[in-house]
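Let me give you the structure first, and then I'll get to my questions.
By letter and in written order, the chains are A, B, C and D; residue numbering begins at 1 in each of them.
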Amino acid sequence: MSVLIDQRSRFIIQGVTGNVGRFSARDMREYGTAVVGGVSAASPGMEIEGFPVFPDVRAACAATRADASVIYVPATTALDHVVEAVEGGIKIVVYPGDGLPVRDAIEMRAAARANGATLIGPNTPGLISPGKAKAGFMPSFCYAPGALGVISRSGSLSYEACFRLTSAGLGQTTVIGIGGDPIKGVSAAEALELLHADTETQAIVYLGEIGGGDEYDVATYAARRDAKPVAALIVGRQAPKGKKMGHAAALIGSHADTHSAKMKALATAGVHAVGAVSELVPAVAAALNVLKPSQESSGTFTPFDKAQDRPRLRGRSSRA
Amino acid sequence: MSVLIDQRSRFIIQGVTGNVGRFSARDMREYGTAVVGGVSAASPGMEIEGFPVFPDVRAACAATRADASVIYVPATTALDHVVEAVEGGIKIVVYPGDGLPVRDAIEMRAAARANGATLIGPNTPGLISPGKAKAGFMPSFCYAPGALGVISRSGSLSYEACFRLTSAGLGQTTVIGIGGDPIKGVSAAEALELLHADTETQAIVYLGEIGGGDEYDVATYAARRDAKPVAALIVGRQAPKGKKMGHAAALIGSHADTHSAKMKALATAGVHAVGAVSELVPAVAAALNVLKPSQESSGTFTPFDKAQDRPRLRGRSSRA
Amino acid sequence: MLLTEHEGKRLLREAGIKVPPGTLVRSPAALARRKLACPVAVKAQVPSGGRGKAGGVVRAATAAAARRAARRILGMRFGGEKPSAVLVEPWLAIRREVYLSVTVDPAADGYVLLYSPHGGVDIEGGEPPLRYAIGPAHRFRSYRLREILATAERDAALREKVVALGRRLVELASSRDCVTVEINPLALLEDGSVVAADAKVVRDECAAFRAADIQAAVEATHRREPKPIARALAGDLMLVWLDGDVGLISGGAGMTMATMDLIGDAGGRPACFLDCSANPTPGGYRLAFDLLDHEPKVKVILVSIFGGLTQMDRVARVMKEIMQERKSRKPVVFRLNGTNARRVEEIFAGSGLHNHTALEDAVAEAAAIARKGARA
Amino acid sequence: MLLTEHEGKRLLREAGIKVPPGTLVRSPAALARRKLACPVAVKAQVPSGGRGKAGGVVRAATAAAARRAARRILGMRFGGEKPSAVLVEPWLAIRREVYLSVTVDPAADGYVLLYSPHGGVDIEGGEPPLRYAIGPAHRFRSYRLREILATAERDAALREKVVALGRRLVELASSRDCVTVEINPLALLEDGSVVAADAKVVRDECAAFRAADIQAAVEATHRREPKPIARALAGDLMLVWLDGDVGLISGGAGMTMATMDLIGDAGGRPACFLDCSANPTPGGYRLAFDLLDHEPKVKVILVSIFGGLTQMDRVARVMKEIMQERKSRKPVVFRLNGTNARRVEEIFAGSGLHNHTALEDAVAEAAAIARKGARA
């Protein structure tokens, strides 16, 4: 199984006529995702990469029965497009853009909720249910079907991390890029709940960083009696205090924002937490071994497969 | 019958500890209105004029089963108090204050609607269902029970007009001060619908002025085949163009705002429209005669009873 | 409160809306000190409509022509007002002029957005503009606006610019307490960009308590008013001078207008609209008398008040006091009615003051006095 | 972007919130020209917290003392920054200090209002403040705030003032794109009025497109940055200098931090956080190299990019070009992976450039080069 999206999800691309929209529409289709059309107010009626282009979301949904959307528009008009999507009947909306004013992020999240929709973003590559559907622009070869639910605050770090997991034979149910901004469509806590409820997800991998409070929500989840095993990578040991590290939320203000405070909280809650991407695969293996000590031993995992650039796409979904 | 309020309405006064709130609470009770308590955040627990004072609307409603409120607070906090009222369970809210920012008037009206409540105001003396209940500070002696539904944009003009009607034996079902601001809780069109639906109201009296578009809504109503007879007084013949006459909406901008344009539209729609308060009673009589030509002739009405300051409180409600 | 173009454009600029780079000058001499990239537009800064048709906007091809235009414009009047300054802007290479505004409209339960594909000075003569009834500002939906625009605006790229501007204008109107934000023309330039070539912004004076700039503008406006008006405003009275000789002290806008109308019907001419309902205190009424006593054209004063909250026994006592103190000999006619009005007669008893029961009688007496005064 | 107290108070004043009358001066000499009603507070204007405890706020009983205080403060540093000016305000007769702020909080799905009956410099040590989770600004309810305040604030009149201020702060935060508006202390004066004795306002740089004042402040901040940082910002690169010698060109905040951490693990020290993901173009990468090539402390450059939207074949071609053009001899280590990464090897073939398959290998090589350089 997977969460939020799968092979039945029917996608439109809002802003499909831009370079990024066009690239992503093609790329998502190549992955096997059901992309059923695009929306462009300025160029309705044309075809882009073989996709019909509709003037608005309502028209697109009426013609295609779309229920999911990825939105490639600048931050200046992002709120308007997200509101149009969720009021037009879209249930899963991905807004990857960054530089979004926080007020608009607040309104977006509220609009999604008010319409019973789920928003992923802003500031995310999107989400992927490997082998089923991809909503965003993460590099496809990094992912394989499997039993791990992955949550990440950072885009490229999630590619690196999933590439390593996949290379080590550790596939994923769904990888959710929750994004690096303080106000998120789906927060870490909510992503945890989604993956917790997914029967096929056997363990959860969380990719976090300094600043913000998401890591404490991970610790809270992991401390639950019914929690699934959790492994976590927290980056930013080398970051100085008081400087924003790219992400709006990646800033050490108080002690709770620091790497060491987060690592301690996670470890105390029973999370297999590591501070270096090189230690991620063993940590995940250890988390899985907690679950199934009889089937695997952490020593059998090699952290990186140097022999090939494209990782083995061998999943673990057969287990569940 | 009457509209919006009657002897079963249970009132609280928000802002009861101020001079105006205290005066009005006592005055409404003296009229026989069921005032069941007051609200004052700063002075809960005390008694004012024998009324219990609650800390908030929710507490007041829980203790008294109040369903109506008159709010005496300055414009700076008026929106907050109206929202508290309608979200606290109040169904009829009167906000008499003037000087309210139009944005707050917009939000007030929207809040009332969203909560299934009716707002009267801003910038109004309130409303009265003579002989039953009074929600506001109009002088009680000007009103008597009867068959006229009265709608007014202006406070003191409505006292003068109703004093004349009452003195002439023409009582009222309900007199609604819709107020002089452009955005109203109950608009002229909505007040017309309320009075139209009231079985006891036999004719409608509209008291209007230059500026704004309410008078055209009156004309639209009067032109309906099922309309009740309408008489109207429109003031402002002597007002110059382009100057605001006290009320935010009383300003002649375009031709449609002028006295003559409004009189013409009303007359065309069959309204008994006059331009002087001295002509009001004959006009109303004429409107009533349209309804019941066999019972009355307009000649029998004297416009003013000089013999006594307090008018005869002789109503016409027995007719219906 | 209608702002001048320059003040309106400052608000637009603050909200991230593109306006032409402009230079505000109060005299031709000040303009001489500025470097201008001619041709330029020289534009009268005056809070009044119809400026363009009245010659308040002039194209100047040279700096000398701009100075001449500034001198001429600064000497003109528009809607009775002298411009406070001229705004000098580069003359725009305009491909098309459209109309865009956001204003408060009761029929929309709040804000309405208006758009016309044909903007400019003749907007009022043409087709009625497209209308998007928004309501409260947070109900704005770009896709609704887009649907509406598509019915009459064929340029899809321009539509998208108007949609984005539309949100900006609604947020501006709401967050900065503007009753109207009108851009006419919104200019589509040769390079495809759009710029607010003019701005008519009306701010809500009632919001002065939460907007320091409105407060400051209100105070500045009041200072510019003639002295009696300024004094009335400072005392919370609403005064508008009219042409007649019957001074009117009243309470409530509707009642005041109704009395003005009756004065006319009685053959008199009202000298003013003077509404004391916002300050029905001894100080307020004293100020009202002082204003009318000092205005030579006022021959008689009619006090016409029908009080609700205003308790007429108190008013009667104040009137008695004022009549005893006051130096002016202008005759005063009273008609007080409303809450506690039955006590007025006993309060006036023995003072020589008479309170009319009927408004018509009081109006007739005042008009007669004025006529007699006019004949004398 | 954290504003100085003076800038923050201007925003509060614009929203109708009472602040003390203040004088901003940039030098003791400028202060000498002003008339002061002593005693006064002389306050360092610097966008940094903890100013009060660090001696940045001084009471001066005389004009001479105020000038001395201004001179001393203007020579100090707070959080590494020199004050741009001092704000001189009348010393307030404060009866009580409370804490009030509105800020963005994910746990509230939007804005949260915080209040503490004990404000002032020790706010962080005391009881946690009361918390009203608002969400989007339009969900603010004064009666909810009142209920919450009643649990800890006994002064009913003060509560009502805080309730009214609360709405004003939420509207300010939302309409003017503030991430935080903190008033600490909010001073209850002897006369019962409340005044914002300090202001800490953080504005949202992302909203610069719709707020000209944010845009101007961002530009001013960028101009004040050291030249390389300013150049990076102008080129849409995110640069933070660190203490080490391994220059890092990367993409994505998380990936950059992960690589920095690995550099440390390999015994190296990162020289910078340099995220090129917002401008992954030839111009962006050229600028990145130029910045690091000109920084003497950088001994080696590690390019670590894992591209999603960024197509690595294009990046590889750009890197090859830059390596051919560039004058600097600093060694460069590559690890490119991501979309189209399988073509990198063929693009690099014959150029002498090597792309590491594993990040750890690239990091180890770069760290080793830096160590060797340090020993040399």
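One rule holds for everything that comes next: a residue touches a chain if its C-beta (ideal position, glycine included) is under 8 Å from a C-beta of that chain, and two chains touch if they have at least 3 such contacts.
Since the model is a prediction, treat every value here as computed from it, not as a measurement.
Asks: With chain centres taken as the means of their Cα atoms, state the distance from subunit A to subunit C in Å.
Replies: Distance between chain centres, rounded to whole Å: 55 Å.
Asks: Which integer distance in Å separates the CA centroid of subunit B from that of subunit C?
Replies: 27
Asks: Taking each residue of subunit D in turn, which ones touch at least two of the other chains?
Replies: Within subunit D, residues 174, 209-210 contact more than one other chain.
Asks: Which parts of subunit A, given as residue numbers and ranges, touch two or more other chains?
Replies: Those would be 76.
Asks: So what shape is it, when you link every pair of chains that touch: line, ring, star, complete or other?
Replies: other
Asks: Of all possible chain pairs, which ones touch?
Replies: Final set of chain pairs in contact is A-C, A-D, B-C, B-D, C-D.
Asks: Once bound in the complex, which stretches of subunit C touch subunit D?
Replies: The contact residues of subunit C facing subunit D are 13-16, 138, 168, 171, 174-176, 209-213, 215.
Asks: Mind pulling up the subunit A residues that touch subunit D in the complex?
Replies: For subunit A paired with subunit D, touching residues are 20, 23-24, 75-76, 98-103, 106-107, 109-110, 125, 136-139, 152-160, 163, 180, 182-184, 187, 207, 209-210, 212-214, 233, 235-240, 242-248, 250, 275-278, 304, 306, 309-310.
Asks: Quick one: in the complex, what on subunit D touches subunit A?
Replies: Residues of subunit D touching subunit A: 79, 104, 106-107, 109-111, 135-137, 174, 177, 179, 204, 206-207, 209-210, 238, 240, 242, 251-258, 260-265, 270, 273, 275, 277-278, 305-309, 337-339, 341-342, 357-360.
Asks: Give the list of subunit C residues in touch with subunit A in this complex.
Replies: 141-143, 146-147, 150, 156-157, 159-160, 163-164, 167
Asks: Under the touch definition given earlier, write down the residues of subunit A that touch subunit C in their complex.
Replies: Residue list for subunit A touching subunit C: 41-43, 55-58, 76-77, 80-81, 83-84, 87-88.
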